[in-house]
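The chains carry the letters A, B, C, D and E, assigned in the order they are written, with residues numbered from 1 in each.
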Amino acid sequence: MVDYDSKEWLRYIFSLHKGDTARKLGPVLLAMVVYCGVVAYVVIEYVHPGPDSDLKNIAIMHSLLGFVISTLLVFRTNTAYDRWWEGRKAWGSLTNNSRNLALKLVHILSADDVDSRAFFRAMIPNYAFALKNHLRADFQAGDLEACPGFNPASLNPDKHVPNQVAMHLFSKMDELYQSGTLRPEHLLVLNGEFSSFTEICGICERIHTTPIPYSYSSFLKKFVAVYCLTLPLGYVLSLHYWVIPVVAIVFYVLASLELIAEEIEDPFGTDANDLPTERMAGNIRKAVGDLL
Amino acid sequence: MVDYDSKEWLRYIFSLHKGDTARKLGPVLLAMVVYCGVVAYVVIEYVHPGPDSDLKNIAIMHSLLGFVISTLLVFRTNTAYDRWWEGRKAWGSLTNNSRNLALKLVHILSADDVDSRAFFRAMIPNYAFALKNHLRADFQAGDLEACPGFNPASLNPDKHVPNQVAMHLFSKMDELYQSGTLRPEHLLVLNGEFSSFTEICGICERIHTTPIPYSYSSFLKKFVAVYCLTLPLGYVLSLHYWVIPVVAIVFYVLASLELIAEEIEDPFGTDANDLPTERMAGNIRKAVGDLL
Amino acid sequence: MVDYDSKEWLRYIFSLHKGDTARKLGPVLLAMVVYCGVVAYVVIEYVHPGPDSDLKNIAIMHSLLGFVISTLLVFRTNTAYDRWWEGRKAWGSLTNNSRNLALKLVHILSADDVDSRAFFRAMIPNYAFALKNHLRADFQAGDLEACPGFNPASLNPDKHVPNQVAMHLFSKMDELYQSGTLRPEHLLVLNGEFSSFTEICGICERIHTTPIPYSYSSFLKKFVAVYCLTLPLGYVLSLHYWVIPVVAIVFYVLASLELIAEEIEDPFGTDANDLPTERMAGNIRKAVGDLL
Amino acid sequence: MVDYDSKEWLRYIFSLHKGDTARKLGPVLLAMVVYCGVVAYVVIEYVHPGPDSDLKNIAIMHSLLGFVISTLLVFRTNTAYDRWWEGRKAWGSLTNNSRNLALKLVHILSADDVDSRAFFRAMIPNYAFALKNHLRADFQAGDLEACPGFNPASLNPDKHVPNQVAMHLFSKMDELYQSGTLRPEHLLVLNGEFSSFTEICGICERIHTTPIPYSYSSFLKKFVAVYCLTLPLGYVLSLHYWVIPVVAIVFYVLASLELIAEEIEDPFGTDANDLPTERMAGNIRKAVGDLL
Amino acid sequence: MVDYDSKEWLRYIFSLHKGDTARKLGPVLLAMVVYCGVVAYVVIEYVHPGPDSDLKNIAIMHSLLGFVISTLLVFRTNTAYDRWWEGRKAWGSLTNNSRNLALKLVHILSADDVDSRAFFRAMIPNYAFALKNHLRADFQAGDLEACPGFNPASLNPDKHVPNQVAMHLFSKMDELYQSGTLRPEHLLVLNGEFSSFTEICGICERIHTTPIPYSYSSFLKKFVAVYCLTLPLGYVLSLHYWVIPVVAIVFYVLASLELIAEEIEDPFGTDANDLPTERMAGNIRKAVGDLL
């Protein structure tokens, strides 16, 4: 994630940050400029359409479809943002549940049960780190902390790693229940937090594996392409060579929206706009360490 | 579901995938082209309307209604997408609850209770497979795994199959409770997961059996038809034969939106855009097998 | 509810179903046509406004307000649809809770407690039927099934019938609890389902008794009326007699949206677009009968 | 709240109900008409701008901003409606929880514990009445019913009245728990309903005390004012004296939306569009009286 | 937060409150006016473009992109408002949970356990004050009330202060549980309220630390800048020097929306539009003091 102060307007307007779409769209924008230049050159120098030419009226189509394309792109923006925000909520909920679990366990576990405390102090944050890497299809044993009863090397990277960490957590909880440290009411009090881990993992997996339906994604790209490629035809007679910057700006705006949506809708990677899952997992480790 | 990488623009713009609306709309688009051609031919060659003809002003209607039709189609897109996403959430929740149930049962059941473990290892995923087929009005005994205490052939395909599977799960749980393996607190801890199965089934059935109200669906189709069929009348005088591609593109855009919405709003079938319920049920079987 | 296959376009475009707004709007549409005809006739034949007449510019108002009226109608459509869908969700939830209750009770009740089983087999679906009729301000003792401990004729039709049915359910549950059949943990496990009945009833009553605020409803109707009645004034000079079909189509579109919204926002009646509460209550009876 | 049948169009279009914005806007509308008249008179009779005057082009601004103002007003409408509907949901939930509490208590309390029954029969509805008055910054001891253990006169009107009523309810519950009438499982079963009272009160207080942020409210009013006051300048040359009704209608529409939103967003008062909290509290008293 | 009566239109339209965007935008607006003046002067006095100049047609771009920019700004407005409202909901929920905790504890704690009562009377509101300051990256020991068992000076301002307060609350609860004052069922009944504190803190931290993705923020600013800086080019030929106020008003509207959104999306500071967290924490102290 890019940290930024949203109030520094000037810097945003003139700088070209890593996450800026103007940068990524660079080559395509250039191609668009060349295409418009060619169209304008051919029409103006060779075709010489009269002032009554129908060509100008093609712009009717762009004004008829202008509503549709803007509302559709805002629909796209909305759904992508919703996923990003739902992913952020899931990680916020992981933080809350980790903290609450630590707050509850610190009093349930007796002060001299050093091993159990060390176990949960390591394993609760380990779940967050395992989840972060799982969502990046990555396995980093180094991210996980060893503790009495858990050795990161014992995990099977080919199977679902967060589930294996959860299995260790549930085993420990069962061990404490069998030994009478956890009483029945504790089981009920801790049930919400323990169940939440798998639920949060499921939410993140859902967002990660399910992009917007193929039809919409494909249709929107076709639509933007048809719209922008026909733009210079409709406007070359009214704008002449000015058609080049005008179409380039319109294309920049429309393509940026689709581009940002694509980047935002799966927020667990390492793109400029992705969620700082690494930092959040680190915060969980810090908070749990402070409490437990 | 079509798996795709949303960042490969070029392929999407130029390919015509199975799920593409351009393909499905093919015949209707062709009819539209012919219709526009006929209208244009008749008006241009026979009617010869003067430059002051009122015909041109019919386009006023299209610009007045242009905004209504776009916002309505985006409303349609939104509701269809919401159903699709709610269906995806329900299946994600089925995965989470199946995993949590397995995580909890693995410790509640004693290690040597091989039969009970085999029962839940088979039956939890069986619910997902039964639900998948139920939503396709299909019964495939082969999808279900036999286990001690359950024989897929014993199911009555004419009755509600997921309910029958749930009945087996609840019976087993009651048997364990009566025998003292499940203690009262376990009943409470497992209640959420067990109840969720029927709730998820209900959510999917709701989405499956309740399309958007008939009035909206019928009205939208009538509206799109009237709008597009009158388009060539309004624009033939400004576009002449160019009216054919212009109207075709406008129709392609509007009809695509309705078409995608129709396909998306019941996401449990086998269409190109439907949810991969088969794969998700398989993942549940794999995850539960790993855990239990 | 009209059952329909949303993919049969042709039939929808050309047929005039009972639920179609074109049918209901028939007389008003006709009045609109006559009104436009008179306006057009008077203006064209008697007023003879010159080409520079200000009359034409009244259309400025329609284009300024065109955005507002469409976005407002989509707001109206959205809120009406949300109520309809919330009503559908409530009934879906009633189905889920009825099934879960049956699934839980079938194992809690001993196999030879024939009376209790018969009681719940009848009374759980009875709640759905009582609710259906309650929402139609109707009382049909014939819809309710008698069983040991309940006689439909004993209900007081002047008081809240679903509450009376719920009272019977809670009394039975208390009887089973007092006799020790229901243990404390059962009370907790069944609490969610039992409480849900009254909550669902409350949700349906809320939707049924609270239409959109009077101001919006009244304002929208005034707005649509002013907008459409001034339309022929603004466009008669550019469209002459063509103004009649154009205004009729615009009015059909705008009035249809308000009309559908009105019908949809209270979905528990017997209109063409209302929810099939009768069929859903029947399905609950079938499902509970299968399980219990 | 105005009770109305949303299907009687004619009456709504032509009547001017107490809740109608046309009535409230009356004086401002008149001022607007006078202002437009003056502008039109001065421009037409004294300024005599030529046909090429730039004045006409000021309308460009109105068409550029037309879309912004409509989408903003719909945003305003949406948020106001959401608060109104959330307030309605809170009161619906109060009804549901009151009924469920009565349904549960009627069986937990022994039939001869007349005092406790009378206590809850009075106090559950008293909470609704106390809340209604609290939200109107009003205290009406007469609305509250006395019962064994509670005297409305004992309430301190300067402190939070619903909290004082809740305190009585919790005290009674604790008394019953101490005496063994309420068993531990009952405490858990009733916990949801008891906690909900304070939560519902909090939701209503939140809606009541937090209007839309000052910036939006102030900005929207400034925007509508600037937009409408400059309208006659831009259109006087194309509409001459017709500019008066046109601007008046546009102003009526835009100001109505802001006006309705203002009235709707705090729905607990006694305005024409406010929720019928008085009637709803009465219904709770009736329902609880029937059950308990 | 600015307290205001949303019905006093005149005051809002003509006053320039601290929270008004017109004030904050002052310098930038002035720069815009100067820029437009220069552009107009150069074009009108030196360039003398003919009536057929393409310059005028640049405005085509503004009308094509006008929809996109408005729908995007409304998207921005919506998401910012949603965060503000979610923050308000979180604080409302903190109030509810604090009150419910007090209502429950007052009866669970025996009347003569003065110390415990004093502890909760001080510590429940202390959490709200600690959270308020935490969200402002501020530590004010003076805001926290000392009580038996807690000394504000003992808090470590470099660590997470609300977590330290929560730790004290959970320790006290555990102490009461170990001593038998809290019975198992009380643990379950109080679990929701105790867990909610950390959850609310997490929600506020999420809103506070996660602005809208950098790409959107940066893109919107670039878009508004390009749009407004090119406006005078497109309209100078139709408006001449009138282009200055027109562009200034358009810029004021568009920039205000982005500006308000920026201020609103992190509502926990001390800006004019921020939530009155100080007052709300004070109300919690008052309410808990009244109850406990």
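Note that a contact is a pair of C-beta atoms (placed from the backbone, for glycine too) under 8 Å apart; a residue touches a chain by one contact, two chains touch by 3 or more.
On a predicted model such as this, the values are computed, not experimentally measured, just so you know.
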What chains do chain C and chain E have as common neighbours?
D
Report same or different for the chain D and chain E interface, where same means the shared residue numbers exceed half of all residue numbers found there.
different
Which whole number of Å gives the spacing of the CA centres of chain C and chain D?
23
For chain B and chain D, what's the span in angstrom between their mean Cα positions?
37
Within chain D, the set of residues that touch 2 or more other chains is 63, 67, 71, 184-185, 188
Line, ring, star, complete or other: which describes how these chains touch one another?
ring
Under a traversal of the ring that begins at chain C and continues to chain D, how are the chains ordered?
C, D, E, A, B
Chain D residues touching chain C - in the complex, by the definition given at the top:
1-2, 4, 6-7, 9, 12-13, 17, 19-22, 59, 62-63, 66-67, 69-71, 73-74, 77-78, 81, 84-85, 88-89, 92-93, 95-96, 99-100, 103-104, 106-108, 183-186, 188-189, 192-193, 235, 238-240, 242, 246, 249-250, 253-254, 256-257, 260, 263-264, 272-273, 275, 287, 290-291
With touch defined as at the start, can you tell me which chain A residues reach chain B in the complex?
54-55, 57-58, 60-61, 63-65, 67-68, 71-72, 74-75, 79, 159-160, 163, 166-167, 170-171, 173-174, 184-185, 187-188, 191, 195, 198-199, 201-203, 205-206, 210-219, 221-223, 225-226, 230, 262, 265
